[in-house]
Amino acid sequence: MNYDDVLQHIHAELRPVIGQGRVASYIPELAKVPPHRFGMAVVGIDGSVSTVGDARTPFSIQSISKLFTLVMALRLEGDAVWERVGREPSGTPFNSLVQLEAESGKPRNPFINPGALVCTDILCSRYATPENAVVEFLRPLCRNPGVHWDRAVAASERRTSHRNAAMAHLIKSFGNLRNDVDHVLDAYCRHCAIEMDCVELARAVTFLAHGGSDPASGAQILDASLTKRLNALMLTCGTYDSAGDFAFRVGLPAKSGVGGGIVAVMPGECGVCVWSPGLEPSGNSLAGSLALERFTDLTGRSIF
Amino acid sequence: MNYDDVLQHIHAELRPVIGQGRVASYIPELAKVPPHRFGMAVVGIDGSVSTVGDARTPFSIQSISKLFTLVMALRLEGDAVWERVGREPSGTPFNSLVQLEAESGKPRNPFINPGALVCTDILCSRYATPENAVVEFLRPLCRNPGVHWDRAVAASERRTSHRNAAMAHLIKSFGNLRNDVDHVLDAYCRHCAIEMDCVELARAVTFLAHGGSDPASGAQILDASLTKRLNALMLTCGTYDSAGDFAFRVGLPAKSGVGGGIVAVMPGECGVCVWSPGLEPSGNSLAGSLALERFTDLTGRSIF
Amino acid sequence: MNYDDVLQHIHAELRPVIGQGRVASYIPELAKVPPHRFGMAVVGIDGSVSTVGDARTPFSIQSISKLFTLVMALRLEGDAVWERVGREPSGTPFNSLVQLEAESGKPRNPFINPGALVCTDILCSRYATPENAVVEFLRPLCRNPGVHWDRAVAASERRTSHRNAAMAHLIKSFGNLRNDVDHVLDAYCRHCAIEMDCVELARAVTFLAHGGSDPASGAQILDASLTKRLNALMLTCGTYDSAGDFAFRVGLPAKSGVGGGIVAVMPGECGVCVWSPGLEPSGNSLAGSLALERFTDLTGRSIF
Amino acid sequence: MNYDDVLQHIHAELRPVIGQGRVASYIPELAKVPPHRFGMAVVGIDGSVSTVGDARTPFSIQSISKLFTLVMALRLEGDAVWERVGREPSGTPFNSLVQLEAESGKPRNPFINPGALVCTDILCSRYATPENAVVEFLRPLCRNPGVHWDRAVAASERRTSHRNAAMAHLIKSFGNLRNDVDHVLDAYCRHCAIEMDCVELARAVTFLAHGGSDPASGAQILDASLTKRLNALMLTCGTYDSAGDFAFRVGLPAKSGVGGGIVAVMPGECGVCVWSPGLEPSGNSLAGSLALERFTDLTGRSIF
């Protein structure tokens, strides 16, 4: 299916808001990204690719990596993952320690920082260099053997990760982190620093629109039932503390990152990725959220 | 489409768990319901009806009424409703006052008690007897002109509603309740005390599977876009503090009540209702949740 | 002992700040009080009286009534009071419901609103008109047979007491309120509306500086051990959420009210009362707190 | 003044409860201490010493060190300390992160772990080896040049200090920690591992009963006004989350540690220290709290 016209329509319509919002500034490397960038890509399970704008410009995937960390943890440990991480929306800002403490070190879900730290801990128990394992998982999935993590971003993030360190130590104090805190934080920050473009990310999630099998290679990444469940989890927990509002407006399973990227899944059809660095207060891309909202409005598609 | 075989299969499979769980006991009338009841109904947008078990036994819809209260409030005030009620999962037990206080009297969503109190307040501003307005809204929708609320249940609920009174007064202290607290509580308790059976409830939500129009009468209850959004809201917020888990397991928009009923929507296909009084700790019907989980497994359908 | 010079010195020194702060405005009657009033009185256990400024102008004692409600509850039920109310500082703003909910309806201490509601409930179980019982308790203690509660203030407070109603219903939902919520709120608002002047209030607390016996009449109000303990409780919990800061600066057991009054106790010496309507953000009289701070500085006395 | 008889009376009376309670077990070294130990010492500002039981057995002072860390921080930075640490009771269990997060990394008071971490940070900014600075401060004060910290206890505490690390990183994320987290934690754990006996600790706090000057040497440790204020702070915040109850029962400024020690101050008279390893649920020595309660009962002294 061809979405070129829809994407161009969206791009034109959104011009006035592209550049609005706050670019993430907690690390200098992210703050340097020009706010007026906008790209969007749709990759169908039939292999079709539609793009608009900066769809081929790599950006820092940041929390979108949590989706892939979870997929890898589920492939390694299956349902045992859920003994260490919950499946409920957090209901509080994405980096809060309150809930983590009240719930004895079991993070609410794998898409908030503490949950991703536990999933990263699972990878750290299996791989000597878990950041490479994630990159190697992504390369065939997005068909770019050059996918890598950015050293400057990772190092900068690591230096300023006191809040993540606080969460990791708190989880560790409850016995829900097996590896050394520093080792887990190193891997976590490198996952966040992976760079990909919209086409690559849209392609990397097509298996989620295709019953768990990569439509390009036929490889079964997850089984069909777990794939549906993962999509449900993205819908209820994938977009920080505004998952309810995002589901209301957009109506697609999605995962966002503070780099301005959002991936979304249209089951049975395609993977979508949009990128624009200006963020809403909730941490989701402002123009990106609107673009996805218009996308489901214009195509008349949503899962509801 | 005919779901009779699927429903019978589910009923047979669930026999061992029917009767498990805790029957709501906070009011004597609910505690009297025999725990071993189980009914399920599917009403297609084509008018087809499939049933199993006690699908024609009326029960107390309790919090399922919150869905109808919201629909009526949206019909009256449209998006202005969202200025007074949020759209995010609560992340805390369904009757907590903490979040309400922290968020200045704006309830997190319309499906938790404080949110439903605000929606009821909207109805109280428009109708002298809002409980009759809800009943009159439901009668044509479920094609039973005899739908009514149970006086004993409503009175019993009203007498023990100190926690709801606390929430109503707290909301009022923030200026987000326009009517007299006692009046709002009276109406709220009567909405909860409405009695319907599975077929009636499944039929009453078919418009949500049909772009907002009642497939039987053709009446447009909500517009298509808002209907999709309401389904999204049910998915993220409809089943108390286990909405994430419910979406993960079942994958359908749904609203549950402590009377043991759950309504669910399969967009483009049908409304579903299941009833069994034994509850999970989260407040959702234990056998009912499992029945819906099996329903999506066996039919291979979910929105994801 | 004669404190006239000290009081005049304090009055002169504080002139620039008298009138600063926010006069309580949540009920119209309190908002009407001119902000530039200031009075202070010291009543020795030897009967000596020192005053300055508006020490004979009656004002609304508001939360200072919580001290007398507690004394009366202790006289009625002794240590059984502590099964229903705690003895710890609240650590959160004085009218928060969070802690009350987290601690199952047992208020942290008798000097915050929910704690005083429980003490009032104790009085309601013993007296048909508990507000009269408090007034009758106070009349001989302050040697003014005309002490009364102001009907306009009580009525206004009652009309706007939604937050107190929320707390009372929440306590009731936990079973820690025996009487009808409306009845308890009526009595509570009337206690708050009692009018007294600085000399009367300073005199009314001299028994707390005198081992529990009223130095004027010799009547034993509380036993010596409980009196010391009550003073300790005032120190740790008597001045809303700034009890720690108040103890640090002033170093005397005290109880404040949003009417701008503060009573304090110098064990073995005297009762003190200061009044000035402008409040600090914590709800204590701004000039009143400073006056007491200067009082302990200038006299070199504090309990530490 | 001679307290020998009183101490022997208390010891005899408490025999049945000595050994009750839970010995701190979170580090193996503390768990090894025999629970049936009990010692008590009173050191008058006149130099008199009264003791009973194991008053000369050194024990791990643990959180009592927070008192000395604060005194040293106040000597270095005066009131500037209060810009980084509050003066209010915490109202939540002593190691909670909730409040720290809600209050933007400013700990409630210097006697809870996060507050002591900030005070330690102040010492770390001034001293290369802050643990030695504290020891050197204590040696003349308690007249034992051999006071030292225990390496095994410090190392064990450091290894298991994930919760303290979480707090330190959280404070650092808010910018309220200047030094490296590991450096601060090293120093903090060594302060906790200082070993002293009851006589030494009672002597070390006599300056707090003597207007801030060490009665033995005449050295002015703190000025008189700040000394009174520090005593007030101990009363409202010195005994974990049961400060209110402790003040109610004992009525003296005090600071406790999970090693089972409690120091208390009788202004104008003496310093007191009691030690018994079994703890109440709040973390204070069970027999120690009772001993101090009996001490004020039997001597008829308290500050109230």
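Read from first to last, the chains carry the letters A, B, C and D; within each, the first residue is number 1.
Basically, contacts are C-beta pairs under 8 Å (C-beta built on N, C-alpha and C of every residue); 3 or more make two chains touch, one makes a residue touch a chain.
None of these values were measured; they are calculated from a predicted model.
Least step count on the touch graph, chain A to chain C: 2. Residue numbering at the chain C/chain D interface overlaps substantially, since over half of the positions present are found in both copies.
Note: centroid distance chain B to chain C, computed from Cα atoms, is 47 Å.
In this assembly, the C-alpha centroid of chain B lies 55 Å from the C-alpha centroid of chain D.
With centres set at the average Cα position, the gap from chain A to chain B is 32 Å.
Shared interface positions of chain A, defined as residues touching 2 or more other chains, are absent. Residue ranges of chain A in contact with chain B, taken from their complex: 86-92, 99, 108-109, 225, 227-229, 231-233, 235-237, 241-245, 247-249, 251, 253, 267, 297, 302-304. Within the complex formed with chain B, the residues of chain C that make contact are 96-98, 101-102, 162-163, 165-170, 172-173, 181.
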